[in-house]
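Order as written gives the chain letters A, B, C and D; numbering starts at 1 within each chain.
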Amino acid sequence: MTIEQTQQQIIDEFSMFDDWMDKYNFLIEMGKDCPLIETQYKTNNYLINGCQSRVWLHASYDGKQISFSADSDAVITKGIVNLLIRVFNDHTPEEILASDTAFLDKIGLKEHLSPTRSNGLLSMVKQMKLYAQVYQLKSIQQSHD
Amino acid sequence: MTIEQTQQQIIDEFSMFDDWMDKYNFLIEMGKDCPLIETQYKTNNYLINGCQSRVWLHASYDGKQISFSADSDAVITKGIVNLLIRVFNDHTPEEILASDTAFLDKIGLKEHLSPTRSNGLLSMVKQMKLYAQVYQLKSIQQSHD
Amino acid sequence: MENSKRFDIQNIRSQFPALHQQVYNKPLVYLDNAATTQKPQIVIDRLKTWYEMENSNIHRGVHYLSQQGTVAFESARKTVSTFLNTKFTHEIIFTKGTTDSINLLASSLGKLLVNEGDAVLVSGMEHHSNFVPWQQLCIERKANFLVVGITGTGEIDIEQYKLLLEKRPKIISIAHISNVLGIINPIEEMIRLAHNYDIPVVIDGAQSVCHQKIDVQQLDCDFFAFSGHKMYAPMGVGVLYGKEKWLNAMPPYQFGGEMVSQVSRQETTFNELPFKFEAGTPNIGAVLGLETAIQFIESVGIEQIAVHEEKLIRYALKKLQEIDRLRFIGNALKQASVISFLIGDIHPYDLGMIIDKLGIAIRTGHHCAQPVMEYFGIHGTMRVSFAMYNTFEEIDTFVAAVKKAALMLE
Amino acid sequence: MENSKRFDIQNIRSQFPALHQQVYNKPLVYLDNAATTQKPQIVIDRLKTWYEMENSNIHRGVHYLSQQGTVAFESARKTVSTFLNTKFTHEIIFTKGTTDSINLLASSLGKLLVNEGDAVLVSGMEHHSNFVPWQQLCIERKANFLVVGITGTGEIDIEQYKLLLEKRPKIISIAHISNVLGIINPIEEMIRLAHNYDIPVVIDGAQSVCHQKIDVQQLDCDFFAFSGHKMYAPMGVGVLYGKEKWLNAMPPYQFGGEMVSQVSRQETTFNELPFKFEAGTPNIGAVLGLETAIQFIESVGIEQIAVHEEKLIRYALKKLQEIDRLRFIGNALKQASVISFLIGDIHPYDLGMIIDKLGIAIRTGHHCAQPVMEYFGIHGTMRVSFAMYNTFEEIDTFVAAVKKAALMLE
């Protein structure tokens, strides 16, 4: 699936809920499916410090695609973390850099990515893009070797 | 005339004016009649520093009554200074201490004595009373000698 | 006399326009009053009248509006002075808020009293605004920063306090009521003990001033600081009360405007109290709004308010106890207007976000009091805080929402 | 484009409720705008809406009102940033006013740059708020306080300025427009000259920001300070713009609240820009009012306003010249919005009091700028100052009143 397709899939999933409680229930479930960061990485090095909730993020690159794992101490934050991972996981740096997170707006969760929410999510997205940039650079360099 | 009588006299004088300009014209005239402080006293020692206008005040005591002389750099202030001197001049310390400046209220000039008017007038009244206090003490001491 | 007044909650609520709104199609239940209170219409109207009819810059102006404004401003100072029962009106300094008041003190009283090797004492339950300024002062001056601990129930450890007094701190600064725990500290006793050593005591009254009668002469505190916006007044105005002798001895904090008396190239002399500490154009409209807020509080009756809020807190404590795995943070007997709690290992942020969607405004997190979090070994709490306009029904709605959210998050 | 807009003075006036009142049964003629401006209805309404519908404490709150408030507050910061054309939004710090902004700098930039034997440079025409903080800093640090003189026409003596630059002051702080003389200082040139020596320049923009377009990147000033209340916004809010590199290097000024990042007993780490410099609950309502005031100014057009005010000042200068024995204090070609004058040896206080009774609000005295009075060997002046809503008719009324008063006082 392309990034856009996953985003659309999530939008479809959320379209079933017309109540905030159902949405949050679903997010809580999503949180449980989050590809968990390995304990060895759950350290300050991989910590993204929001003032209210904290997120740990790890990325690995197989030379083609990036895959992420993460965790958060707040389960709703973790649910959103997993949405973002579902969207960006197993894509190339180029694909990740070319895409946005507009789907969050469509499912009514845009506010969670606002700089005024000190939950670490905005920094997390930035961090994901940063990984993509770094790996893109790496593969360009390697192809020049 | 008693202090009250002079105050009533001034109230009568002012009752002729129903226009602010006339009042101020009269005050300006009053300023010209002010018993002027002798040059030797027109120094920082006798200065009452308002932020907007300045007043110099001197008092002398003949063992019975106090007489004041003064000056101000602003002529309207000087007019009010003279009203105050007319009222208090040539009275005993006791009389001065027992009286107030309510007449200013009745002629519409009360605001000039408010602490928010930084024209030195409020401090001047305080200074006049202080002189009265000091001279009262002196005469009590003397009568005890 | 006060007690014979009827406390008419519906009438009170009707005067607060912000309470009558819906969020997410649910009626707003506003329980974040320790952060800031809503404003009665009369306070909002005071601002409006000021700006529509009276606005001008005060002090030193000869013209009508400026004169009237000055009179109004100085009479507001008198109102605050009477409200706190200060000895002199010029002991009331208008600031931007509690944080501004305490920073003024840390700078100015710090310069007067604190040198290398000296000490300053605060408690472990202070808001950052009454912790960091003193800590940074101590770092700058190479002085000792003493922090008196708190017990398991969230009270100041008075025995430790007595021991720390032996170190003769130069300044003691203590919250009257903790913004996290709601605990009312025994400040009368603490002040008395400190005065045995002639140590001046600063009281951070941000969380107490609108919940109980304050009499600074009876308390005998040396300073008392609070914010208007936490007591039904507009934002951008606060108060620092200080005993005349201290305010006279302290150097000014900020320079410029009305606080200046004479300036030459080489030196400046400063105006007398209270102007000495009020540099720049004051927030006149908000000061008048503060006066109106005080008049409003007095018209309701501060004792009546205290009684009502006491009932609310007892009721809320009882109702919350029904919730499984709920524990209170801080558990002292003397608690006012604030409750902090946790449920199992539910993250406060999760719970706050869910009940927000049910229309309920509470605060979650460390409440700008990380040291207190450290004592309890936690990252944050859920905090509800009450004002005169809250009702028992609101507490029911709130508790029901918490139960619902807790179920979801289990 | 801007110039094609019609400047409809009657429409503008109708938006300022305070202008339509009588004092002493005379229509108010408000010419004390340099002290504070009146507020358009839209600004007053913004405050009202904030307190009636939106009020809450911002940052870190999870609930709806707090989130909305935070978004509104940060978008106001963006509006100010665009208005001044700053490079980054986080270069905008909200303060209490100009005096607060400059005191922040004197403390914080002072700590960063000024040590014993160093120098700080200001001009002899500064408002006390941009004079005394630097003077006191120099006294405290045993640094040299350099004051560049002004010429007989009231301009900064640029030759002397060049010489003083050789002393390599660490900081230069200069008014953009003098609040006494109305003179527009050649700050572009002064900044350029200072930057040749890498000296940072602070601009006190209190009297310029609502009278001409400010582009801080074009000016290349390092700091720019102003007050909301002098630009149609509520009291209790001001701005400090600073270049990112300076703001990052400077230590914080006040401590507590949102500016704190992590606190332990031993130390505190601070939040990033702009929060690092915003301790305590900000004056949120007033910040939103400032945003509305900027939008109002932009809807009228700042260039249009400048053109109108330029016409007013030329007209007033011409009309005042008709008065016997009148002399202007300060007489440079580049003059904006402010005129100071004296008539014979009439005391300004006398004249101010008389024309007050004719409904005219002007300011008399030293205007918190005693050093400038010293240059001219006077104690005070009469000062008129204009805003966008003043009219030629008002100038006529004012001049007639001055003539009448001068006759009485001769």
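What we mean here is this: a residue touches a chain if its C-beta (ideal position, glycine included) is under 8 Å from a C-beta of that chain, and two chains touch if they have at least 3 such contacts.
Source: prediction; values computed, not measured.
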Exercise. Looking at CA centres, what chain is most distant from subunit C?
Worked result: B
Exercise. Between subunit A and subunit D, what is the separation of their C-alpha centroids in Å?
Worked result: 46
For this session: For subunit A and subunit C, let me know how many angstrom lie between their CA-based centres, rounded off.
Result: 40
For this session: Could you please state the distance in Å, as a whole number, between where the Cα atoms of subunit A are centred and where those of subunit B are centred?
Result: 81
Problem set entry | Contacts with two or more other chains, residues of subunit B listed in rising order | 51-52
Problem set entry | Of all residues in subunit C, the ones touching two or more other chains | 24, 60, 62, 349, 353, 364-365
Exercise. Which word fits the touch map of the chains here: line, ring, star, complete or other?
Worked result: other
Exercise. Every pair of chains that touch: which are they?
Worked result: A-C, A-D, B-C, B-D, C-D
For this session: Enumerate the contact residues on subunit D facing subunit B in the complex.
Result: 24, 347-350, 353-354, 357, 364-366, 379-380, 404, 408-409
Seminar exercise, completed: As the complex stands, subunit A meets subunit D at residues 51-52, 111, 114-118
Exercise. Which part of subunit D faces subunit A closely enough to touch in the complex?
Worked result: 58-60, 62, 67, 70-71, 74
Exercise. Which positions of subunit A touch subunit C when the two form their complex?
Worked result: 20-21, 24-25, 28, 51-53, 73-77, 119
For this session: In the complex, go through subunit D and note every residue touching subunit C.
Result: 17-18, 21, 23-24, 28, 30, 32, 35-36, 38-39, 41, 43-44, 47-48, 51-57, 60-66, 96-100, 102-103, 106, 127-133, 135-136, 139, 145, 147, 227, 229, 234-237, 254-257, 260, 262-265, 267-268, 279-286, 349, 352-353, 356, 360-365, 368, 370-371, 374
